[in-house]
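Residue numbering begins at 1 within each chain, and the chains themselves are lettered A, B, C and D in the order written.
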Amino acid sequence: MNVGFIGVGRMGTGMAANLLKAQHQVTVWNRTPEKAAPLIAQGAKTVPTVSEVCRGEAVVTMLANDEAVESVALGADGIVASLPAGALHVSSSTISVALSKRLADAHAKAGQRFVAAPVFGRPDAAAAGKLFVIAAGEAGAIEAATPILDAIGQKTFVVSDRPDAANLVKLSGNFLLASVIESLGEAFALVAKAGIDQHQYLEVMTSTLFDAPVYRNYGAMIANGRFEPAGFAAPLGQKDIRLALAAAEDLRVPMPLASLLRDRFLTLVARGGEHLDWSAIGKLPAMDAGLGASTRL
Amino acid sequence: MNVGFIGVGRMGTGMAANLLKAQHQVTVWNRTPEKAAPLIAQGAKTVPTVSEVCRGEAVVTMLANDEAVESVALGADGIVASLPAGALHVSSSTISVALSKRLADAHAKAGQRFVAAPVFGRPDAAAAGKLFVIAAGEAGAIEAATPILDAIGQKTFVVSDRPDAANLVKLSGNFLLASVIESLGEAFALVAKAGIDQHQYLEVMTSTLFDAPVYRNYGAMIANGRFEPAGFAAPLGQKDIRLALAAAEDLRVPMPLASLLRDRFLTLVARGGEHLDWSAIGKLPAMDAGLGASTRL
Amino acid sequence: MNVGFIGVGRMGTGMAANLLKAQHQVTVWNRTPEKAAPLIAQGAKTVPTVSEVCRGEAVVTMLANDEAVESVALGADGIVASLPAGALHVSSSTISVALSKRLADAHAKAGQRFVAAPVFGRPDAAAAGKLFVIAAGEAGAIEAATPILDAIGQKTFVVSDRPDAANLVKLSGNFLLASVIESLGEAFALVAKAGIDQHQYLEVMTSTLFDAPVYRNYGAMIANGRFEPAGFAAPLGQKDIRLALAAAEDLRVPMPLASLLRDRFLTLVARGGEHLDWSAIGKLPAMDAGLGASTRL
Amino acid sequence: MNVGFIGVGRMGTGMAANLLKAQHQVTVWNRTPEKAAPLIAQGAKTVPTVSEVCRGEAVVTMLANDEAVESVALGADGIVASLPAGALHVSSSTISVALSKRLADAHAKAGQRFVAAPVFGRPDAAAAGKLFVIAAGEAGAIEAATPILDAIGQKTFVVSDRPDAANLVKLSGNFLLASVIESLGEAFALVAKAGIDQHQYLEVMTSTLFDAPVYRNYGAMIANGRFEPAGFAAPLGQKDIRLALAAAEDLRVPMPLASLLRDRFLTLVARGGEHLDWSAIGKLPAMDAGLGASTRL
């Protein structure tokens, strides 16, 4: 397929590279054009405008937030304005349910196809084509997107014919991850203040009830107190909890644990932790318990 | 070894049977003597008093709560009063940190050995000798307990030379489990109200980020709305969160997620859910969201 | 002064009437023109467009929410487009801090004056000219607004030269009120389940520590379980907590009690309480405690 | 009446002095006998044992916590063991509902009368005889206690014939007070971070919606950041929230705001605030918002 790709940050670069490996023709547009260099070396073309990246059968977007997606998709000379009728937009960014609905509506009006296909996985999984893809959209659009989704992920889950459902599932997944961090943070504060070795504690827990990478990885970060470099920065985690809560508010679903996480992220960034990995909220329970530096009133 | 065993409920029966299989001589005392019948068939003896079950090298207790343990251990003609000097008490019940400290003190004064050895695992794991044992106590006591611990579990983790540390680790583990239930309950309420199929959602999550039995099992219970029969009853879960919070209060560790869980269990039992599995707290977010019967104001 | 007035609902009608009593010339515009009838009987004029209501020295807006204010103020032929240079916009609606900032910027660019002047008080206080006015804006604008503010309120508090500060103070006040409701709701659930008479309890509390109308009034509503007719409807309370939390998020201020209130309002509207007074969140603690109808699982 | 008085701290001294002024004969026992000196100067007698202070028609206890009351009331040679049949125990301490029930049972078995009569008011109100008394007990016991209650308070509210109901009402009152502190703390953090003057903000709020001493006094302490000397020390506030939550747990009443307060007090004492007034929890929201010293991660 002839595929445009918008947004070649750490995730997008790996995804686009896998499209190339799968023999798709890939044209890239990025706000900072220099970032496209590694992909050009692998055979991608680059174009100077969003409009020009929309001339193929499909365009994939992988951007940081709602504002970026809204700007390239709904602005003048954006994707909706440029994509041929019948062509496909695959939106892999983690965006709000509300924006996903707006995109679906706009593409429908323009006679274009739209699939929301956010992914689970970090940059290394993107590079390896090992992402999990959560996809939603009309059957025909999903079918059209399949060669793309197969190239970027190890497995695709189609969760609904309404695209925004995929975005909600993605946001709920990040809520579940942040919940793991919070629970570990509180448990570590408890056992640490009792004098129990945190690394041994982590070993016990992840050898028994919680034998899963998410517990091992976040647990190690909290036990080591090392939140740099940020694999997934605190403001991004904060954003995702905000979007989950916004969707929950629209659906009228109270989520007190998500509210707690919201307050944790606010505390983290208010107290200077904006540059840290989002798992640094797992340090706050220990600080509230008076452990560590900078905790005396 | 010549081992006394107090408390042959669903967990204790399996544990005592494995002691028999490992060629230990086992003498049983149970408040309801009839429950010892299956063990007698396997070669155990039974005696009519706590005092008499304490005449061997060691006694193991596996009881429901602090009150039961306090009664058999610290009462007149109880374990502390009856056990020979140098003999060993292995306490596998999930009890409070405070009671574990009292037991350690009492045994030390009486010249006896004490190991706290709570376990992770359900009755089927107890029967199969597949429990994980969290043990703590003085090195000599741990050494003496090793043949017993090896018989009842697949692996023993020694976490401290202070016995109560093992109880704290056990309680923290149940806190982590209940946190999983709460997070799943909120996530399910969110996606269910958006019209997403809960079973498919669970499949997505447990095939990707949360590939662990705890997510599969509790997720299935919440998705099915089936909380009977109770594998671990709500009041027991409520008790363990209470004990975790009590330990946290003594240590001055605020745990807001544990506080939320406490309120969930109170709501569950206040609204008639006392007979349900503890994972039924995972149903409350959906009810607060107006899903299901009996939710209109 | 020659004053335009936009929004003559229950609050605005009383406020405009007091402007008339203070000998101001009042021209009214309302989306539903019939609502202006009582004011016309008192000497007001009515005009068919927003543009025409903006031809005097000042215009006052008293509308339900951000959308309504944004529409009349920032739309084509709206207030900013229509008001003469140097003329004044007094915004008394309870709107977001963010919109207040946008209005201030737009008026500044257009060479107009802007005062945010939200009020504390219910419709009866508005009719009696007994509102409390929280005002903010540049000194010259405040001075120009003083005859208007004096007419509608018993006292004006000038809190800042930045208009949005007044909106934040107003939102914080509604947060404090909702906190009173939550605390009373929990206290009533506690004593009611212990069999203590709720009315006597209220009498004790409001005769001693909490001798203030807010405790008497909301306490009586909760004790009586009567939340209709709604003096201040649940969705409006929900909106104000949402706006307070939005402002707090922009300022990076975690507010866990506000988060709890947010979840209470979501529960209330999710379970069918949209038509009730906002104090109906004070009924939820008793329901969670298993008191009353419709509370069994 | 011939009245024994146990516990002449800051509250008890004022209460006992008012008994003397009302022409009662007062005999004092205090763990630290020197504290009785001012009362002896006013005409009180002192005795060396609890037993001897129980030889009159009534004994009043005003002690710091459950442990102190349990020790003097239920211990060997304590009040229950010493008081004549038909004589009266008036318990004014802020104690748990559970202990109040135990005392009521013990006195009933011993043929003695028991009234729980906790008070609202600070030491200055105690000295002035201006306390509010929350009383509960059987009609005959209340009648017998009336001359005592009239002497120590400005008004008595009889809330139940079960003594423990008075203790629950008292605890609920302190919960309501702490809720005021929390709500003010969050509101102050919000407006302070927006650059609004906190003293002016307090003036606005207490001149309008919250014209009550509790808002003025706690608001001023938070605005000034002055929590010393402690009028009511943090550990006492922490204790009362603990007792309220314990009563709520026994009654199966979830109280999420009380849970939040519990965590606030734990944070306060964990971070070195044990010596501060309990209103210092109102400082924590600002710290979580990154305001003030010692708040950087």
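To be clear about the criterion, a contact is a pair of C-beta atoms (placed from the backbone, for glycine too) under 8 Å apart; a residue touches a chain by one contact, two chains touch by 3 or more.
The structure presented is a predicted model; accordingly, all values stated were derived computationally and were not measured.
*Asks:* Please indicate which chain is farthest from subunit D, where distance is taken between mean Cα coordinates of the chains.
*Replies:* Following the centroid criterion, the farthest chain would be A.
*Asks:* Averaged over CA atoms, how far is the centre of subunit B from the centre of subunit D? Could you give it in whole Å?
*Replies:* Chain centres of subunit B and subunit D, defined by C-alpha means, are spaced 38 Å apart.
*Asks:* What whole-Å value do you get for the distance between subunit A and subunit B if each is reduced to the mean of its CA atoms?
*Replies:* That gives a centre separation of 38 Å.
*Asks:* Find every residue in subunit C that makes contact with two or more other chains and list them.
*Replies:* If we look for residues of subunit C contacting two or more partner chains, we find 248, 252-256, 260, 263, 266-267, 270, 288-290.
*Asks:* Chain touch graph shape: choose line, ring, star, complete or other and state it.
*Replies:* complete
*Asks:* How about subunit A: which of its residues touch subunit C in the complex?
*Replies:* My answer: residues 242, 248-249, 252-256, 259-260, 262-264, 266-267, 269-270.
*Asks:* With touch defined as at the start, can you tell me which subunit A residues reach subunit D in the complex?
*Replies:* Residues in contact with subunit D: 256, 263, 266-268, 270-273, 276, 280, 283, 287-290, 294-297.
*Asks:* Please give the residue numbers of subunit D that touch subunit C in the complex, ascending.
*Replies:* 97, 120, 132, 134, 155, 157, 159-160, 162, 165, 168-169, 172-173, 175-177, 179-180, 182-184, 186-187, 189-191, 193-197, 200-201, 203-205, 207-212, 214-215, 244, 247-248, 251-258, 260, 285, 288-290
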